[in-house]
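The structures considered in this document are given below.
What follows is subunit A paired twice: with subunit B in the first complex and subunit C in the second.
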Partner chain A sequence: MGKRGERQSERTLVCVIQALMGLELLVELRNDLSIRGFLDDCDNAMNVIIKDAMIEDVEGCQKHMPLIFVRGSNIRFVHIPDNVNIMQAVEERRLVLDRAALAYMGGKGLAPMPKVLETQIPDTADAAI
Partner chain B sequence: MATEDDSAVKEPLDLIRLSLDERIYVKLRADRELRGKLHAYDQHLNMILGDVEEVVTSVEIDDETYEEIVRTSKRHMPYLFVRGDGVILVSPPLRTS
Partner chain C sequence: MADAAAAAAAASSSPSLDFLSPEFDALEALRCEGLQPPNPRVRPLDNLNKCLSILPQELSESFVSVPVREPRSQESIAAQQRAKARTSLQMEKAAERARQTKVLDAMAEKLKDGPLGLLVECYEKRGRVLLWTRHAHGIRGTLVGFLLAVDKHFNMVLQDVDEQYTVRRQVPRLVRKQGGHIGSSQQEDKEIQCPPEANCIDEYLGNQTVQEECGESVECLIRDMMELKLFPKLERRRRHLNQVFVRGDSVVMVQKLI
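And then the complex of A and B:
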């Protein structure tokens, strides 16, 4: 079954929002603004980054913004898309994080060696020494 | 979404736990009310409600007669995440009949 509730996010319902990353949803703010867009990122404080956003105010005025950061405290509602099985999404994300943690720290608790990128710029300072 | 080790009511949040999967009434800040089925909640009172009706109440004062005009607007949403800092109270639905 795995250890549920080990992560800070899993002790609150923020994990539900985090499970919706990558999906299109509607976020309503405390100042009555509605933002429809793709949830790019969500942290434990419910701060969100929304991509390709359409912002609508109470009067119906719409504005498009490519990338928005919203402080979590400003959120009133998050409309969860209809076609999403939320319990499954949360569980899947938890398994992905567990597997990632295991791959990273499996057994010895040492982080694996970082991959050398092919585009890595050669360190000229070393060559000078 | 916590597993229930003890079904005794020890603290106020346990009363909300008794309402899981039941229809509830939630009073929010900014003169809003929600009625829906409680799917999940946490200690911040973040909630997931299903089949929700939102009622927004606004009071306008007529310039000439100074009488209060109470207006309500309703919305229906299938599945909603409510952030806990907006919640004032949670209750079984009021019988309005």
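And then the complex of A and C:
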């Protein structure tokens, strides 16, 4: 629902993954496949798009793929880079989204748009920034 | 003056330029320079309200009436401005307040009273937990680490993790063929025991040392009787990870460690 808890992503730990966008991660799937690459996008269902990926299976066979989409339910682990502080990353991302949303509304902070659009606003506003 | 005189003359001469005649042609009048309407100070009729006054009296009120908006009073305008200012300030204050409670802390707060309360306790103390994970067919293994974040789906972020887990692999082994063919019964007593590293029987036989050891006849024996088959094997592995995000649906059980 709209106002309570603001963003849907901030009610679960998906926001942690979303805060890691653009970084190089290792994603381990439920079928023991591991994908190392740059996190291009992540949505609220944890579906991810990985760019420039190197896929390795249990036997050790490696394969390179330029762009891969993984359904969120198939993920088991996401290895976070060592130098990232997740608390900070999540707060920073939240700041960016808040500022973007405010700028979109012309800084007047009137009645916000209906929930369906609200999730789309930060993306377009981010692009504008 | 000359223009006005000329215009007046023109008006009297042609009915199309005469404002009050039925043959008045507006386009021609616009083209004609210096032509002035009878009363140049009349204001144009921009909207319906202005036309109201010149319509004939016998038309019914419902046909004629156009909803007239009363101009807003100064007080109402001022009140609206104040309301706007209040909401924008509120929005900013709310954003400020929301930012003060960290996202991850707030998430854990909500779970405090429920069954995940023990987990929240571990999170607040940054304690060590033992996590049991699963794959589709059973227990996968355990993770031991410090709890950095929790949520209602049991998604967790762990730090300084030791993972002990099992992995299902397909291991190739040399095994007697099913239902051998004619002529192989005499050679049954000769069996090759060593598990090959090759992926197919030709590779195995192509191996130099094997050829030297076995010789021609044995090679034929192998080809007739044996085949490389893949057997599932549960391999134990262990590793250390600095920071992991564990998705909740792989979690079986969480044990609090002292």
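Just so it is clear, the second predicted complex is superposed on the first by the 100 of 129 C-alpha atoms of A that agree within 3 Å, B and C clash if a C-alpha of one lies under 4 Å from a C-alpha of the other, contacts with A are read in each partner's own complex, and residues count from 1 in each chain.
Here is the rule we go by: a residue touches a chain if its C-beta (ideal position, glycine included) is under 8 Å from a C-beta of that chain, and two chains touch if they have at least 3 such contacts.
The model shown is predicted, which means the values in this text are computed figures rather than measured ones.
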item: Superposition on subunit A - do subunit B and subunit C clash or fit; value: clash
item: A:Y104 touches, of subunit B and subunit C: first, second, both or neither?; value: neither
item: Which superposed partner A:E6 touches (first subunit B, second subunit C, both, neither); value: second
item: Partner chain(s) touched by A:H79 [first = subunit B, second = subunit C, both, neither]; value: both
item: Touched partner set for A:F69, first subunit B, second subunit C, both or neither; value: neither
item: Touched partner set for A:R30, first subunit B, second subunit C, both or neither; value: both
item: Superposed model, subunit A: greater residue contact from subunit B or subunit C; value: C
item: Partner chain(s) touched by A:V16 [first = subunit B, second = subunit C, both, neither]; value: both
item: Single subunit C stretch clashing with subunit B - from 1-9, 127-135 or 199-207; value: 127-135
item: Subunit B and subunit C footprints on subunit A, overlapping residues; value: 11-14, 16-17, 30, 46, 72-73, 75-80, 82, 86
item: Subunit B contact footprint on subunit A (complex, rising order); value: 4-5, 11-14, 16-17, 30, 46, 72-73, 75-80, 82, 86
item: Residues of subunit A defined as touching subunit C within the complex; value: 6, 10-17, 30, 32, 46, 58-59, 72-73, 75-82, 84, 86-87, 90-91, 94-95, 98, 102, 107-111
item: Partner subunit A, residues of subunit B touching it in the complex; value: 1-3, 28, 30, 40-44, 46-48, 77-83, 85-86
item: Contact footprint of subunit A on subunit C as seen in their complex; value: 84, 87-92, 95, 98-99, 102-104, 107, 133, 135-136, 148-153, 155-157, 167-170, 241-247, 249-250
